[in-house]
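Please see the structure below; I have some questions.
Chains: A, B, C and D, in written order; residue numbering restarts at 1 for each.
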């Protein structure tokens, strides 16, 4: 989740006991997610964009050690000085680091050592939070929790990338092969009025700094699909020559379609009308009613053009989501893959906070008046604000409690290994 | 100029005699620009982004032949069927074409044949515009004129790239080496009120479709520098370690700084405080008072961050430019390089329509309600709307009459071979 | 060891009990070599040239399963059909396979499964060799033993590559840091008469087919160094500007020196006169008296030119080695790195069969009359005979009993991750 | 011709008037070869391996200026100091130079300036050879003549590469499209006795240093085809699945076949049984009786394996050619492409010294006792002796008088833009 690339700036919330609880629940969840994996699985990196499980487990721990324990726990003993080099992600101010593409070469420290590292840091966090400095670090603890949640999502998408590259197509979690025979509902359209709307972080809850400052935006009336585009619909796009018709594509996308030989979403295998999809449950027959996933921005945009619609802007999405319940098929359901929406009575848009992140046509840029935070944590708050597009919502592997209507995720237009899909929008005639 | 990548949609202007005159003045200007070049100079391509002079001369001619003469002049005879393959740029609907990176391999047709091609087409255009179809094609002629103007700018920037790669550092046009000793004026700031402003093409003059539709935008109060950043100021950035300090840079930019070894603008040669700059007048001592040019978006953004300011948005620029005289150091001055601004009494911002294109922080995206035009001409109007940033204004090699306040130029953030520079903006405290 | 790339053609030796014993000793040795490694260590691949330990363990097992058990043991049950795809190296005739550069993605099968695979195959081999077909397969068993020995050497060189890429610089086997203070002996020269000599496999022992046919070669008188070039001598080459002087280098080598930034042998770290070398014993102070290792052909050739000598031909080396005892610092000493030669009384050349493989100036080409063997095993006996150079001898990680005077190892001139060094030769004035 | 990469070492021949004549005939021939080309044609480089015509014309001139005029003609005035940088090929000792891959960017100096450069140097050479130093430089003049002849061949092969990349497929020299309907003769085999043979330069004529020293070689009896493999025979190889059958190919070759999509010789266009071949006479119907050309070493080797034969060694070729008339379809015939052999009565092998260079299985390595010459001219005599294979004979664009039985040409195994073909050899049963 690209959100790992941004830092928060609200370290001023006092520490209620539920943050203490959430911290250790979050720390525990990372271990639970790693439990089905062998030491080998935890070590290897499928491609430079992905990171090993072990690295995620250690990096999130290093984050607490570096930004909280070292400065705030007086007698804290660094677990291993070498880990700073191994598990720093990109903080230039904190020193040199293992190059991203070579994280998968770190067979040492072993996974056992990483588990010991986690225990060491957890014990120190417990001491810190039981002591007088607890209040002072509550904001940073919140940052650490959210940071670790982002890596939990990445841990799962990176494992999927690894297992999809394995000829055995292993399942992270096996399920019965009989898929639910839910049909997708008919796509309906919801109209929204234009006007001046406030967008961005409200200040009521934790938010990353890229959601700030809250500001007014001028919006034209628009129309939004009430559910995500399904695999069945995507198949129609394919069967209509979608991947072979230059007219649908952005020029850079068309170049990639040809050079990479794209002819379906990333994890589809098959041809004609018979397709399987590699998932965290292994290789499964394609679920036609489920939302399409693992498509790039280029594919999302081409699909929208083919269908005569367009992608929403990030503010259209945010306005439509405001006030909607922040629930959905996220990590807490343990489905681990997108599923068909069930029509709920009288509802607004479905599938907003789960299943797949939704590409928007908005470039990832700073909000008006955005200013980077001070210090290493916020060192580079805006340094990813070029060449990427904003995604909104959440996915089937986003930890529960992490999503909100103002959340800005972001990826490069060619990236496909995340759970990324499409919700259509259009003008109102 | 990236504008070559978009097509216009206002073919409904009737043909006054001044369009006839402008057409042939424009056609003539292309030949004038090629006059100082040898047949060799006209053939070679310095890099894939650039095109040979001969290709520009032929492609603009092919444009008139394909989109105007062939459909509208009944007895028109195609000059050479093979030229369609050679000189199509990227119109997928018009057929296969020479790959962009290999345009420089086309030693045949020779430059003489290309000149004959131009004469053949000019003669036919003269016949067409003297006949009954003149009115029907006036809008397309306007498109053809503007298209050729864009290629005139590219012709010059591409020749500069070629000569800069030549160890002899040839001058396209020699000048006396004594540079004017004009000093740059002090940079002043102009404040602009916020509110809802209309932006985009007004409909009064020709415009490309990416300037449409005109629409309302909500703007916050802002402050804009009254002149461009100078070479002298850029040197301070360099001497302050600008190219060695990660904290100033977007992450992708910092990666490029290191992999490409950037340590100055593209055409600077030297070290310490002694620098020359390669120009269309050959290698000259750096003109400290002149605007910095040939910097990428990454550099522009890093400079702005270093200086505690930011780049303007494209709408801020447009609002500040509205009503300003559309004049400046453009191609008509034949300076062929940026020069220091002379303070004019009581003036608004200087150097808006000449010297260098100005990077904005706005991503190149469709305006709300934008819809691609029909047909091959507008086949892919929006197909470049990803991964690029908008530049506003004009440069020292933009043909006179081509610029306007609503014009949207666009390039990728790493590109540096155009005349691209920086105007600073900031919030109003 | 490139010998894995060739297949033998002498399956006609009857099966004495010592082959039975050698088979299981060899199989056992592979497990012993893997014992110090964690499951993570066994899974990762440092670079495309290297393979994971787990892959070596499984591939050698697959070799016995595919070429011996399946055809010769009637009731043999394939352990897992999927392993053929995973662990075939390059036998086109045996079907599709995991691409070489992605062997390190195979986190499944786990190392435990690979150990079970080995046990399954070993049990079957025991049955086969206790049965009536034992004689028929004795030649193939010999091939399998030699094949596995080659992979034992590769297993260790590939682990060294992996650990050298780890910022922790782990030791495969720790040793006391006090190195023996043996000095290198003075280099002496031994003269050899010219004439017609027979070279190539004698038929007395197992040999790969690339050592055949034995044939006459016309040799000029030559002179050979009695020991290998040492680290101390290499340091003089470096301090004399060896890596900065184009005149010493083959053109392709000089290009690499510059593009790769080579300034020392592969695993050296340091500068000036203070150097360490990464080894299977971890990062150690450079042993000045030990033979230089991990140099490419280009470096070996440049060193020879700098020293006014040349590399030997493969036949010069073979003639000098004929009749010499096939002993040395090989895997059996468990030194696991090259060590200084101790002068032995009245001896011929030292260090012939251990320490490092010795680059020769001979290209790896077929012997006159060489003809590829039939069938998949010999499918491509000669398919590597282009673009590589022959190395002779053995290294500190070559299993005991694997070396002989006629053995032809081969690598590409830029490869450095093997234990490869230099013995000088010269004309006789 | 790779021979440009080596330097000769026999500057001790006194200057007879015929050398004076040959010098200026050679200088004249270069101009004649450039005559059909436009200034554009002379400037562009089709790929990094090729050089522009203008560069060949200037580089050969720079060679005379640098190695003969500057040291030996006292009052000689350098034509232009900048040309040293532009037209040095690879002599490290003579200073920095334009990178090889960017030779095609040199639109300046113009071709007219290069012609003036040639005239300037020719005039000075005439003065030098009319003066007292004539004898002293006769050997160097011989080197310069041979060097220029090599570049004459390259000039033509590089122009073919350029025109083959042009969608117009221009002819360097147009011919009537009716090809001669000569049939190829039946391939016959000639047996040669084994024994000790002397090979290498005899000292009777000019030779490059890589042909030295003459030395004894032990040869086994062998059999050689009396003519080259024809296009018709190559078509059988293709139709038998030659390019789709891994078993025929060296491993590196098979990788290239797949990555590059090779399915025929370089300049063939067509499919099934209908093929054309791009040539210096433009795109012509494939001449079935003519020798196949523009095949890589990998293809030559695969063809030989498919046919059950092998490629000859360079010494087998030399022995078979010794005493044969050094005549054939070389540049003097102006056929400019390979043609069918006419059987001559009682003859030895045909087509030895023309049509196509013949790949041998011999790696390009130094002869025993080879030692590089002194000084810049011989600076790197041996620096290309790795990774290449020897070709023997001459081609249809080799200047008359340049070939001899001991000549060693050399190219990398993947290179195909030269006129390179196949003569088969085999063991004698």
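The working rule: a contact is a pair of C-beta atoms (placed from the backbone, for glycine too) under 8 Å apart; a residue touches a chain by one contact, two chains touch by 3 or more.
Remember, it's a predicted structure, so these values are computed and weren't measured experimentally.
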### Task
Sort the other chains by how far their Cα centres are from that of chain D and give me the top one.
A
## Note on the structure
For the C-alpha superposition of chain A onto chain C, the rotation angle in degrees, rounded to the nearest 5, equals 180
### Message
What's the distance between the Cα centroids of chain B and chain D, rounded to whole Å?
### Response
46
### Query
How many angstrom between the C-alpha centroids of chain B and chain A?
38
### Summary
Distance between the CA centroids of chain A and chain D (whole Å) is 59
### Message
If we use the touch criterion from the header, which chain pairs count as touching?
### Response
A-B, A-C, B-D, C-D
### Message
Looking at the complex, which residues from chain C come into contact with chain A?
### Response
38-44, 46, 54, 82, 85-86, 98, 102, 104-111, 162-163, 165-168, 170
### Query
For chain D, which residues are in contact with chain C within the complex?
5, 90, 92-93, 196, 215-218, 220, 246-247, 249-254, 297-298, 301, 361-363, 365-366, 368-369, 379-380, 382-387, 389, 413, 427
